[in-house]
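Input: one structure, supplied below.
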Amino acid sequence: MSGLSNLLIPAVLFFALGFLARILRSDLRFPPDLAKLLSIYLLVSIGIHGGYELGRADILTGMHAVFWAIVLGLTLPVIGYFLLVASRKVDTLNAAAIAAHYGSVSAGTFLTAIAYLQSAGVQYESYPLIMLAVMESPAIIIGLLLASWSRRRLGIVREGTEDDSHHPSVLREAFTNGSVMLLIGSMIIGAIASPKSVEAIKPFVSDIFMGMLCLFLLEMGLEAARRIEDFRRVGLALASFGVLMPVGSSFIGAVIGHYALGFGVGGTTLVAVLAASASYIAVPPAMRLAVPEANPSLYLTLSLGITFPFNVVIGIPLYHRIATWFVGS
Amino acid sequence: MSGLSNLLIPAVLFFALGFLARILRSDLRFPPDLAKLLSIYLLVSIGIHGGYELGRADILTGMHAVFWAIVLGLTLPVIGYFLLVASRKVDTLNAAAIAAHYGSVSAGTFLTAIAYLQSAGVQYESYPLIMLAVMESPAIIIGLLLASWSRRRLGIVREGTEDDSHHPSVLREAFTNGSVMLLIGSMIIGAIASPKSVEAIKPFVSDIFMGMLCLFLLEMGLEAARRIEDFRRVGLALASFGVLMPVGSSFIGAVIGHYALGFGVGGTTLVAVLAASASYIAVPPAMRLAVPEANPSLYLTLSLGITFPFNVVIGIPLYHRIATWFVGS
Amino acid sequence: MSGLSNLLIPAVLFFALGFLARILRSDLRFPPDLAKLLSIYLLVSIGIHGGYELGRADILTGMHAVFWAIVLGLTLPVIGYFLLVASRKVDTLNAAAIAAHYGSVSAGTFLTAIAYLQSAGVQYESYPLIMLAVMESPAIIIGLLLASWSRRRLGIVREGTEDDSHHPSVLREAFTNGSVMLLIGSMIIGAIASPKSVEAIKPFVSDIFMGMLCLFLLEMGLEAARRIEDFRRVGLALASFGVLMPVGSSFIGAVIGHYALGFGVGGTTLVAVLAASASYIAVPPAMRLAVPEANPSLYLTLSLGITFPFNVVIGIPLYHRIATWFVGS
Amino acid sequence: MRRLEQKKLLTIITARELEKKIIETARRRGVGGYTVVQASGAGASGIQSGMLDIDSNILIYIILSEQRLIPLLDDLEGMMARGHRLKAIVSDISILPRKPPAATSV
Amino acid sequence: MRRLEQKKLLTIITARELEKKIIETARRRGVGGYTVVQASGAGASGIQSGMLDIDSNILIYIILSEQRLIPLLDDLEGMMARGHRLKAIVSDISILPRKPPAATSV
Amino acid sequence: MRRLEQKKLLTIITARELEKKIIETARRRGVGGYTVVQASGAGASGIQSGMLDIDSNILIYIILSEQRLIPLLDDLEGMMARGHRLKAIVSDISILPRKPPAATSV
């Protein structure tokens, strides 16, 4: 399936529409609560769906998937951190905050990938969904460790009691993050609820799913374009990180998906997408609390303004190619 | 159907998820407007649905149902009032305000009961729906009367002109309450609209109904858990009222449902649920306006934090048992 | 189909319910964001739908429709302007602002007309949808020209730099108006997206459409009734303009629909509805920015409080008669 | 700055149910306008999360002259005496006086 | 309290359509930041229920120095003179000065 | 107006993530209540559109006595020193004192 035909999925077209509307300075704006409603709906639906299937899937492979998800979540930020520090474009604390985002994942990108695979008629395993749930958080811990390590090197001493980054609350919040709980909770519900009663909510979680995803991406388009406007704050060197980091990560993801987990083209593509995507849900609030010295507009512009659009429009078809190539060989 | 399998209805599981999220101090929060949207949707859907069937049902039984609904709405608060005053845990004005809540009903509890009966494959009459609509308001009037009676006994004199409780607006608002109008209005529309045109909105009011109910209960779970945190304000004695009152009322409801209205197990269960449920929509604002001396956190904690969760998780299966027992004998 | 049976469409009944709720001073209120959500949904759905069909329709007729839409949008405001000035009830600047609303269109009225035609089993062309998209804006330009012309006649001199009405931004905003972009964008997406992928969002844009329209009209009912309360601000003479202007325009619309565009009864009715309807989305903000001297409560009361309810309840069946009569003859 | 008028800003924090009641009271005292903002909060009567209508707070801002302020404060005190929960905050402000343009003489 | 800076708080109440326009004006006058809150209200031009976009109000808060305030008030006066409906409220505030930490020297 | 109490109003503008943290801090300093309003805005750290949770601002209003204000300002200064972005605005207000009615003696 060519990159062009990928652009003919309504989900992607609506992302483009939102992006365009903002560029043309249209007054089209989403009410804040609508954005929230859409992500709640998407997380619940994908959770019920995946949980229902996982309830009938192989537990061992599931464990493997969880293990490798954590490995990805812990290693990617470290790679990102050293690339950023090497680039000399940001201080080490901003590097830590940015890197954490790339170890985590973006549900929006993941769902777009699923829409892409479906309209391309590609089968995919359901395990990557657990990985999506698992990967939201570990990167945050690494981010915090990198940050306090940088602080020590910078010789920034903090009043122990008040140092947020060691504040347990930040760690707890990394795991009790709303979207993580919603996703895992819905998966469990989908797995344990009586099949008969799950049937009753299928029309809600399946039939209108694609339409809700379109509205969600329309809103993300507006958001991404708004972020792009902060581009100058970021600079070209940093922006290129927002493109090269995901591509690099996608290779690592594809290797794990195919060789470590033995997935087919669909599943391998999804793992590559997970590796390549950058968080804009769980990580930013954690970083704002725990690494207040870092500038939010830097990591938000990179993950929302550069990496997300790149992944949705160019990345996904590319990762699909990479997966096909790996699985083929 | 056992209480356990009741816990395997997605609706109830999502209530538990919301409750848990709050207990774990997750940052999962619903936008206020989403809560509003969900209750508007649920009232309209259940209204259209019920109205459509009622438009084809027996008018006389309907009248009976309305009559008994009013009887329940007028007597339960009086019982509650004297129990509370006897308990010596609250002053008479708080007693009046709390009691009013137990004479009224909770649409959320009613809908969960319907989800329960459906997944248990139990048939139910559509008349209890009219009772739901009717019962929102009468309890408020009793509440106001009890309150001004208590005031007289407490010797609280008020500047006549400014006394809110006799302010006609409070009574009018009891009947023009938004959710009451929405429910009754939708029932009328469902009854009089051309069947062909009602068909066109069936997918909206039926197919996605269970899913919307799940989101609603997720939000109610968050809300209930937040209320539980005010538990200490309430104290054990008062809390036990929040459990014993509904159980007691459910018996009265079941007797009326079976012997007075001749309903089957399904219908009898629903009347028991109506009697047992406590309002958190129509009554609290009315009490805040008309009985300002009463402490809102008392009646809200009782109805939302204690009675609602009890009914959803334990009450409904219990009332179903009671109904089966009555109808069986 | 008689005007009465028109009142038996749920959409219209919900409008009446909202209207009634407000008249009875019920506390039923819609969260602001819900109103926004509903109009976003409706514009996207109707856009996808129409675009899908237009992608398969005759391009030449489409061009014709666009041409005549512009003609309507440019002429109706001029007519309205002179009627208003002749009436001597408003100064020329208010006349310009009000007239602009009647050259533009109301998507809500258009959608109600479609619901009406569907439940009446009347076929209709898809071209009027393009006209809906096109007609939002031209009237604004005429409004601005009439306003600055009036200003010159009133001898109001403005500091050139700061004069908003010549401020290009106002014109640009007329075309990048959120709802216009959403509608046109969705039409393009519906037209170019792969049919297979459009199928996937059909349940979202079709099945639940009528239900969403009902909620939207419920909210519009509340809004319209609130506007009616400002009736006294408007006065009888001006109010009658809010009824006679649409009826007059509907004739012009019907003539264009039938003779110029050769539509059948359905399509002709829709063009008449477009001509008759008054904007409350794109035009008011533009006028507030560019004709600040005009009183918003005047044009909002007329378009939302008088013309919209008139069109929904009486106008649509009437215009349907007119269309039948034209096409019949 | 001579062109600025000296006024009082009355800010009332209370539950949404009281919105209508307070605004009617203000109107009776001849207040010309008001501004309302949705809020959440907590105080002696517990948390007002704003998640349900029943516990949403509002902020009502009323710009008014000192003459109008006094009687309105009396009304609010009366409501509080009857148990209504509200905070009435007064502060000194200066405001740009309104000069309506000729054209809006409708 | 010596550590607090004396500043002015300019609060503008107006219709949402004017948000962009006013913020651009403020930026031109060198204002560094602003805060906007959604509101509803009523005044001479009727009710602004906030239910539809077309009648939502906003409150714009701008913390600024007196030097910046004066010219900005001129601009707002100009807008009002052209018929725009807005309330510009000035009050005296003290604010904690910002001390950016060393690390954010990006 | 002798019946009005003189108090301080502390208004904090910051990102929503800091809401919990700041309110806990205030509670530790013995503050009895607070009011929170959702907002959007822009400043040195860019636009906070309020469209996503990650960039929503809030306004926290705290009515308190000068004695309570001082230590709370210290805490806020500490947070700012650690890089947290917030604006702490202090203004003088007068407030109607609360006279709880006899009946609510629960």
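Each chain gets a letter, A, B, C, D, E and F, in the order it is written, and its residues are counted from 1.
In this text, contacts are C-beta pairs under 8 Å (C-beta built on N, C-alpha and C of every residue); 3 or more make two chains touch, one makes a residue touch a chain.
Only a predicted model underlies this, so the values are computations on that prediction, with no experimental measurement involved.
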Where each step is a move between two chains that touch, what is the least number of such steps from subunit E to subunit F? 1
Relative to subunit A, which chain has the most distant C-alpha mean position? D
Round to the nearest whole Å and give the separation of the Cα centres of subunit A and subunit D. 45
Would you mind pulling out the distance in Å between where the CA atoms of subunit A average out and where those of subunit E do? 36
Round to the nearest whole Å and give the separation of the Cα centres of subunit B and subunit C. 41
So which stretches of subunit B touch two or more other chains? 29-33, 36-37, 203, 207-208, 285, 293-295
Among all residues of subunit F, those touching at least two other chains are 37-38, 82-83, 91, 101, 103-104
State the interface residues of subunit C toward subunit B in the complex, per the touch definition above. 5, 8-10, 13-14, 17, 20-21, 24-34, 37, 115, 118-119, 203, 207-208, 210-212, 214-215, 218
Looking at the complex, which residues from subunit E come into contact with subunit D? 13, 37-44, 57, 59, 70, 73, 76-77, 80-83, 87-91
Please give the residue numbers of subunit E that touch subunit C in the complex, ascending. 15, 17-18, 21, 38, 45-47, 49-56, 78-79, 82-85
Can you check the complex and tell me which residues of subunit A touch subunit F? 29-30, 32, 35-36, 158-159, 162-164, 219, 222-223, 226, 230, 233, 280-281, 284-285, 288-289, 291-297, 300
Contacting residues of subunit B [partner subunit C, same complex]: 31-33, 36-37, 40-41, 44, 48, 172-173, 176-179, 181-182, 185-186, 188-189, 192-194, 196-198, 200-201, 203-205, 207-208, 285
